[in-house]
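Chains: A, B, C, D, E and F, in written order; residue numbering restarts at 1 for each.
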Amino acid sequence: MGTLSIGVFSSLVGSMNLDFAIRLAQTAINKGHTVNLWLSGNATTLSKDKQKEFKDYSHLDKILRDLMGKGLSVVSCEACNQSRGIQKEDLIGGINRASMDLYLANSAQSDRVLHIGVE
Amino acid sequence: MRLALFYSDLRGIESIYNRITAHELGVFLVSNGIYHAVLKENGKPSPILDKKDATFYILKEDLETRGFSDNEVDKRVKVIAYDDLVDLIMDKYEKLAWL
Amino acid sequence: MGELKNKIMFVVQRPPYKSEDPKLALTHALSSGVTSIHIDEEIVPTVAFIGDGVLNCIKDQKSMEAYGITSNERHIKNMLATDTKTLVCKEDIERLGIKEDRLIDASDMGAEMTIKVVPFNEILKEMEANDHLMFF
Amino acid sequence: MGTLSIGVFSSLVGSMNLDFAIRLAQTAINKGHTVNLWLSGNATTLSKDKQKEFKDYSHLDKILRDLMGKGLSVVSCEACNQSRGIQKEDLIGGINRASMDLYLANSAQSDRVLHIGVE
Amino acid sequence: MRLALFYSDLRGIESIYNRITAHELGVFLVSNGIYHAVLKENGKPSPILDKKDATFYILKEDLETRGFSDNEVDKRVKVIAYDDLVDLIMDKYEKLAWL
Amino acid sequence: MGELKNKIMFVVQRPPYKSEDPKLALTHALSSGVTSIHIDEEIVPTVAFIGDGVLNCIKDQKSMEAYGITSNERHIKNMLATDTKTLVCKEDIERLGIKEDRLIDASDMGAEMTIKVVPFNEILKEMEANDHLMFF
């Protein structure tokens, strides 16, 4: 079993890249791999709590919480959050707020890194 | 190197894609990249499928989301699910790049 | 302020599922029907798909099955069911090799309106005839 | 003097389309025009309060408040906000939360409409 | 119609742009659209400037943000500020479209 | 878990100011210098600009004057000042007609490192030599 770090910059709603990342993380965790998820740029919109579920939009809140319960480590960029008005207390419980150096350190310790650096 | 390239869009990334080579190269058509396996623009299959010595994969979920099915996929491209995708990137390819 | 400019054209120029734009174009166009709570006269929407935006019109989109999200197809069907004039560019579907039988229809919802395949020139004329343009 | 409706879908940080829209609104208002701003999709990220100012990122909070003081009407899409976890009480004061039919009605009553429908 | 087209990107919007015509057409190079007025890709000015009967404008702020200055702008394109932009769209052009 | 994979390459493929990606590439690369609070060994970053991403390297970016936002130029200068290996693709700057004297340098900050213009082939070799790739 290996370690996979996934970094994403894409918004919660839009490109569906976060849907992809979460599904990938889920599948990898179910196979016994270790997965780290780094949310930066507009992807920090995923870390905001109280997302209301609409069938029209990506709604990843529940599955994210479920995966964190199974060991998914989620880190959300501190400055990216702050610039968007998302405070520490606004985060989904269990998400760690930190800087990109933690993502790089995790990446260096991972077998695979998939960085999705687009909107 | 053993490189997995995620081809994620319909336009704008060909020029970089065309220049990347690797000892072992997997091209994963995901997101709007899937159109390259199913459309014949101006009557021709996408030139991105002509890349030498590459293995092509397409993500079934992303294909079907956009209204296409397995039988419309170019014969050079293998339809895979998330399950296969995880095995391929964890076992076969060592470096991953999202275009 | 002049007279009411109530003919609004929604032009979808981008493919689905890469951005929220095409879906929002459809929800915006659909909401034309309820503007009467704000203004007296009704807004008349026209929707046109051009460029790679025509890819929104392909039927059998299974985003709900694959990702649990309503498809753009569902929104287009709703739009057709409300008798919104809906155009798709002939040159673009031909260029991309999309046959007309691959286009969405809403006959299963009892809609009489269908997506009309027209040359770009007719879409241009429609742009002339509308008061405001919104490109998505 | 005329009325201009501007609709935007672009994120607060990224394409700088919101910087463009706000600057356009500011210039139009200073010339005596009436301006309506509609925030939908990812542009609803602009409506969140408590944005921290960093020189690295677009920071439009202050100028937006200033323009609202000068008559700029700002409406932010209700469902777009909710799906992103932004509650009514999280909005910058003075921003109205409503649905797209209000934008369309405003547009029908405007001399000009600039709809920026991209990320 | 009197139409103002906002040309906002470097790639991907030419095909639609090329087909749009209007009695009176203003093309506003904004955001990454500004590159069309200053780059000579493969030695040639951008083909988007060849559009017949169009008047071309470029937004000074967006030009300078990207490292270019007035004297690098193609002679067919008029450099304007937000002030001019507001006058043009409120007085001269009646319909606006952002590509 | 195997040995530390500490050579990370940051590849910038998109132009500036249309998305946050290129700026985030630079801030991510810069933060390599402070990862020692998490792991023992240092991370060695390499940055490469390819495709339309080379447009990030044009100097005199006045985003601060025009919009009050730090320019990507400022970030590139910071990066050069920390001696980060920085490559720009020769074929791409030639294709876009960008002369080498239009590229950013950080000599005013006392940097000895400059942006190195190299053929795509050398960037490929660099990709081979790095442990992980991050495309922006």
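Everything below uses one rule, namely that a contact is a pair of C-beta atoms (placed from the backbone, for glycine too) under 8 Å apart; a residue touches a chain by one contact, two chains touch by 3 or more.
Just so you know, these numbers come straight off a predicted model, no measurement behind them.
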{"item": "Touching both subunit A and subunit F (chains)", "value": "B, D"}
{"item": "Of B-F and A-B, whichever chain pair has more C-beta contact pairs", "value": "A-B"}
{"item": "Chain at maximum distance from subunit B, centres defined as averaged CA atoms", "value": "D"}
{"item": "Type of subunit A:subunit D copy interface by residue overlap (half), same or different", "value": "same"}
{"item": "Whole-Å gap between the CA centroids of subunit A and subunit C", "value": "33"}
{"item": "Separation of mean Cα positions, subunit F and subunit E [Å, integer]", "value": "29"}
{"item": "Rounded Å distance between subunit D and subunit E, as computed from the means of their C-alpha atoms", "value": "24"}
{"item": "Touching two or more other chains - residue numbers and ranges from subunit A", "value": "2, 13-16, 23, 41-42, 56-57, 59, 111, 113, 115, 117-119"}
{"item": "Set of subunit E residues in contact with two or more other chains", "value": "11, 31, 61-62, 65, 96, 98"}
{"item": "Contacts with two or more other chains, residues of subunit F listed in rising order", "value": "17-20, 27, 67, 131-133, 135"}
{"item": "Interchain contacts (touch definition) - all pairs", "value": "A-B, A-C, A-D, A-F, B-C, B-E, B-F, C-D, C-E, D-E, D-F, E-F"}
{"item": "List of subunit A residues in touch with subunit D within their complex", "value": "11-14, 41-42, 45, 48-54, 56-57, 59, 61, 79-80, 82-87, 90, 119"}
{"item": "Subunit A residues touching subunit B - in the complex, by the definition given at the top", "value": "2, 4, 15-17, 20, 23-24, 26-28, 31, 33, 111-118"}
{"item": "Touching residues on subunit F, where the partner in the complex is subunit B", "value": "11, 13, 50-51, 120, 124, 127-128, 130-133, 135"}
{"item": "Residues of subunit B defined as touching subunit A within the complex", "value": "6, 8, 30-31, 61-62, 65, 82-83, 85-87, 89-90, 94, 96, 98"}
{"item": "Touching residues (chain side subunit E, partner subunit C) in the complex", "value": "1, 3, 13, 15-16, 19-21, 95-99"}
